[in-house]
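Just below sit the structures, each encoded as structure tokens.
What follows is a pair of complexes built around chain A, which joins chain B in one and chain C in the other.
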Partner chain A sequence: MPSGALLLQSIILGLLLGGLYALLAAGLTLYFGIMRVVMIAHSAFLILAAYLAWWSHSRLGVDPLLSMIVTVPLFFACGVLLQRVLLARLRAVTLTMMSVLLTFAIAVLIEGLLGYVFTGTQRRIQLGYGSASFGIFGARVAVVKLIAFGLAAVALLTLYLLMKKTTFGWALRATIQHRDAARLVGIETERVAGYGFGLGLATAAVGGTALALDTTIYPSLHWHWIGPLMAIIVVGGLGSVPGSAMAAMVLGMLQSLLQIPLGTTWAQTIFYLALFATLAFRPQGFFGGRLAQRF
Partner chain B sequence: MPSASEPTTAPATTSPATAPPTGAGTTRRRTADRVVQVVAVVLLAAAVLAFPSLAPNPYILSAGVVVLNYAVLSTSWSFVGGFTGYISLGHGALAGLGGYGTALLVTKAGLPSFVALAVAALLVAALAVPIGFAALRVRGASFVIVSIALVLILLLVFQSWASLTGGSRGLVVPRPFPDLLRPEHHRVFYYLFAGLLALALLAWWMIDRSRFGLGLKAIREDEDKAEALGTPTFAYKLVVFVVSAAFTALGGGLYALWFGDLDPVFQFSILTGSYLVLMALLGGVRNLFGPLVGALVVGIGLEYFKVEFGDTQLHLVATGLLLALVVLFMPDGVLPAIGSLLGRMRPAQNSIREVTAAELRDQRVAAAGAPAAREPVDAVASTAGERAQSTEERA
Partner chain C sequence: MTTRMKRIQWMTALGASLTLALTACGGDDGGSAGADDPIVVGVSLPLTGDFSEPGKGVQRGYEAWAKITNDKGGLLGRKVELKILDDQSNADRVVADYEQLIGKDNVDLVVGPFSTRLVVPAARVAEEYGMLFVEPAGAAKEVFEQGFKNLFYAAPAVANDHYNHLAEYVLALPSDQRPKTAAYAAMDDPFAQGTAYGLKEKLEAGGVRTVVDEVYPPNTTDFGSIAAKIAASKADMVVGGSQYQDGVNLIVALQQLKYQPKLAAFSTAPTNPEFAAAIGNKTEGILSPTGYTQDAKYPSNTEFVEKYAAQFGSPPEEDEANAYTTGQVVAAAVTAVGCAEQGECQKKLVEWVRTNTVETVVGPLSWDETGKPKGAHMIQQWVGGKIQIVLPAAAKETDLVYPKPAW
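Presenting the complex of A and B:
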């Protein structure tokens, strides 16, 4: 039996990790809700944002957090373009399958370009406050992890307020719920869908910056993220933002706790076990709504 | 298509001279098509079989083995991807399982190489049942997610379970023909891969013509309607997934016996899966030889990149770009695109006559001798011919 302090430490780390997962899964859920697209390139953009944060720190000497001033609007624009220029061109009948391939191609392209420009060397941001940490009841929590969690929490809260309180959020949710009906009441669903994609990709920019703070990054890292994220959105029920957030917290916590007896590598398998179990016994997911039934 | 040609031949027997020219032309064109197809298949088979004697050095021959291996895997992929339209990015992992299964059965259980290959394929097929059960109960998106998860989870397991699989140090597979020199070894395996490819193509062709294949294609076109019409969609999808997994495992196992060294990073790589998809899509998934053609193009391209650019990441960039271009502009593949281009060069398929009405009347008068009596029959014959023509255009 591990000591109480170790357990507490794992729970706290699990919570902090779950927050980041929740933010990133929210982006994936948005894409799926809007266009039934499984966006494989989401985590590649995450790593791209992390590289931009590292680059701005090591080459320009600014704090990595400040890189978000550029990356968030940039990624938003990328998301809008991606939806309007590329995904909207695909045939509606085969959209789900072909969009997977298209976003996969983009992910591979980003990985290849990152490897070409920055080489495959592992990179890490050295921050003044990078090694700072504080203790609660014997558990030690790194400040950067807390900052990362704070970023994720603020971004998720902003997303929530945007979706619930603004006219744009209503239009976006209406588009997700029933596209034709949304068009009938006068919502320009094409434009809204594009902005929705932009929002989704903006979460990757925030997540990537948070990731860069305390993780060693390399171009093929995104494959380690896309698997858990996809497991999370299936367990949560495809298309449900609160569902994926719940699943992210639960699975992030489980991963962190299982690391004590199993080690980091085997602990990752919990995501895939949860994925297979969900599909075999409850394909619509555990928090899924109407959408999940058919996919 | 016999139904389209029947009405054109029937009136032709009553008045052979006035038979609508279009009808006879179609039948002739169909025969010509069949001849062209047979000639193309024979030429292709001859080219494949002659390659080892033409290859200038063992490296080119080994590249040929790699390309044939890709062709086998890509054809196996298209059992699922082509017939049902379910795109799997995880077939690389099934091939890897076949490879590791064969290798472990040879090294740990001491089975003869090719018995181990067959047993490994059966084991992978058995494993494909629960995987397919989880992946195929729901529609497309979940299937893709499961297929990617399969690659990632197997990579984790085979890297971490070093006591069984050798982990990242790799696993050496004993060669089945220890006394063969390397070029001879390549040559033998080249023919083995060619045989496996022929087997896979034959299976594909038989499914394509069967009622089972019809059901699978109905799933691809509209799964809801297929289900409403009584197609057992889930059972069909599962069966074809298992068949596809078995062929993929055979391909992977044969690769293991040929190459002799397995590394989890390459065996369970999501890139391998995406190469297979790219090959099949590029060639054309609805076409028997589509994956083979795609494997030739992409396989040769990959070898070229390996030689020219070595270890840089440029092959990723090229793969990504090519995949994106194919998905955006040529989702039906190269073969159908070429087919429609050739279609434009052919005699136009329409009902416009290249003669004036006056000339036509003169021809008929000359041919029939008694114009007044024959006129109605001619009218029926020509309209029937045109109708057959138009059904054909739609088909």
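Presenting the complex of A and C:
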């Protein structure tokens, strides 16, 4: 039986990890909601943002958080372009399937370019406060992990408010819920979808920066992330942002706690077990998401 | 001879297209028996693919060896010439490459490729042709369990023996100071795991209790949970079977949890030039085994570091040094036996290496009957902001600091 201190520490780590997963999965589920697109390249953009954060810190000497001033608008523009120029051209009948191939190609392209420019060497941002932490009931909370969690929370809250309180958010949700009906009431679904895609990619910029604060990055790291993220959005209910956030918190916590008895290797499998269970017993997801029922 | 001919025919039949393509490339004459002809040394290296980075390092090491040897008049009065093929980090390709080098190109000597995965298939080919096979990589114990008779690993020790000097040191401490509990975390990789488990075995036998024993997959980037387990165990010492990035991440995660062990040892990572910056210079007291350091005061090493830097513009690292060591071992055997060609000569070379000690850039090397080197790695420690040799006593630059200062 693990000690109370270890349990508390693991719960804290699980919370912090879950928050990061929630942000990273938010964009992924958004794309699917808007366009029924499976965006394999999401995590590649994540790593790209992480590299840009690392680069701006090590080469330009600015705090990695400041890199978001550039990366967030840049990624938003990239997302709009990507949707308008490439994905919108795919035929609706084969969209989901073809989007997998197309975004797979984009992922490989980004990985290759990262490898070419920055080499395959593992990089880690070296922050003055990298190993700083503070105590809470005998457990330790690392400052960088808390910053990453804070970033995730702020970004998710912004996303939520944007979706619920703005006209654009309503238009976006209308597009997600029923494209034809949205068009009938005068929403320019094509443009909204483009902006929605940009929004998804902007979350990757924030997520990548958060990720870069406390882990090593290398060009092929995105393959390590896409699996768990895909599992999270299926468990959460495809297309549902709050659902994926819930699933991310639960799975992040489970992963952290399962590492105590099972070790790192087997704790990872929780994502795939959850994926199997979801597909077998509740394909529409556990936390919302009406979309998958249409399959 | 007949078996060799059969072998070639079989090869041709099996991999016709590949062999033909390769044969087309290697069109120069095979014979090299004359006294003025160069001694051709064949090697296949992963110059592209997964292992291309270390592969190129090994290539530079071999090139430095050939140049330094030739500048001094060559071997047996003949020039040394390298014949390097690219195996693309592919184990099938490496077999075809050595078949070509030995069978078709009729090279006088072969030396080993990089990585355990490629050393084993390559050694099998060399074994069939009865060639001496000294190799610069392949420290995992599987290499020595294949029953190879001609293979020798040109480094001080295999993974499991890296920490031998440290194990002796710890077990020799007075019992009131000796660590009582130890935590181990190792990457799921034969080399990294081997280093940690080699120490674990010896310490457990000496009465140091294991309280944490974690293995993590190579792609792990979040070490929070592993660090939490180690910190919660309050182990007196922590041992990391690490490569580079995982070692850095684990140390930072441990520091975030304010875990302060009396002794911390990590393989590979602490010897990396970028290590100190990577963990924010909180390096004080961290130990690491090392197979090669530019500072080691063996006579041939001083020469190697100087001439290598002149040739390539930067000092050599471990991959380069291991390749150079391989060359030194082969050269010593050739010089002592007085021949360098295929056939009977190879048997004499093998016999000589098995029974002699060779002075190299990593110190004197000798081997047991499986080709496993009999030495142990030096132990380095971060003392006063730089990494210095602390064990064995004969080679030390400074005293080992124990218990380690807080990080």
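Everything that follows uses one rule, which is that the second predicted complex is superposed on the first by the 292 of 295 C-alpha atoms of A that agree within 3 Å, B and C clash if a C-alpha of one lies under 4 Å from a C-alpha of the other, contacts with A are read in each partner's own complex, and residues count from 1 in each chain.
Methods note: a contact is a pair of C-beta atoms (placed from the backbone, for glycine too) under 8 Å apart; a residue touches a chain by one contact, two chains touch by 3 or more.
Owing to the predicted nature of the structure, the values given are computational and were not obtained by experimental measurement.
Once the two complexes are overlaid on the shared chain, A:Arg36 sits against chain B while remaining clear of chain C. Of the two partner chains, chain B is the only one touched by A:Thr94; chain C is not. Looking at the shared chain after the overlay, A:Gly120 reaches both chain B and chain C. Touch criterion met: A:Gln259 reaches chain C, while chain B stays clear of it. Of the two partner chains, chain C is the only one that A:Leu17 touches; chain B does not reach it. In the superposition on chain A, A:Lys145 makes contact with chain C only, while chain B stays out of contact range. In the superposed model, A:Ser133 lies in contact with chain C only, and not with chain B. When the two structures are aligned on the shared chain, A:Gly112 is found in touch with chain B, with no touch to chain C. When chain A is checked against chain B and against chain C, the one touching more of its residues turns out to be B. Of the two partner chains, neither chain B nor chain C is touched by A:Thr166. Common to the chain B and chain C interfaces on chain A are residues 120, 265, 268. Taken in their complex, chain A has these residues touching chain C: 2-3, 5-6, 9-10, 13, 16-17, 120, 122, 124, 126-128, 130-133, 135, 140, 142, 144-145, 214-218, 221, 224, 256, 259-260, 263-265, 267-268. Those residues of chain C that touch chain A in the complex are listed here as 53, 188, 214-217, 219-222, 224-226, 228-229, 231-232, 244-246, 248-249, 252-253, 255-258, 277-280, 282. Residues 32, 36, 38, 40, 86, 89-91, 94, 96-98, 100-102, 104-116, 120, 219, 223, 226-227, 230-231, 234, 238, 265-266, 268-269, 271-272, 275-276, 279-280, 283-284, 294-295 of chain A touch chain B in their complex. Per the touch definition, chain B reaches chain A in the complex via residues 85-87, 89, 130, 133-135, 137-142, 144-146, 148-149, 152-153, 156-157, 159-160, 270-271, 274, 277, 281, 312-321, 323-324, 327-328, 331.
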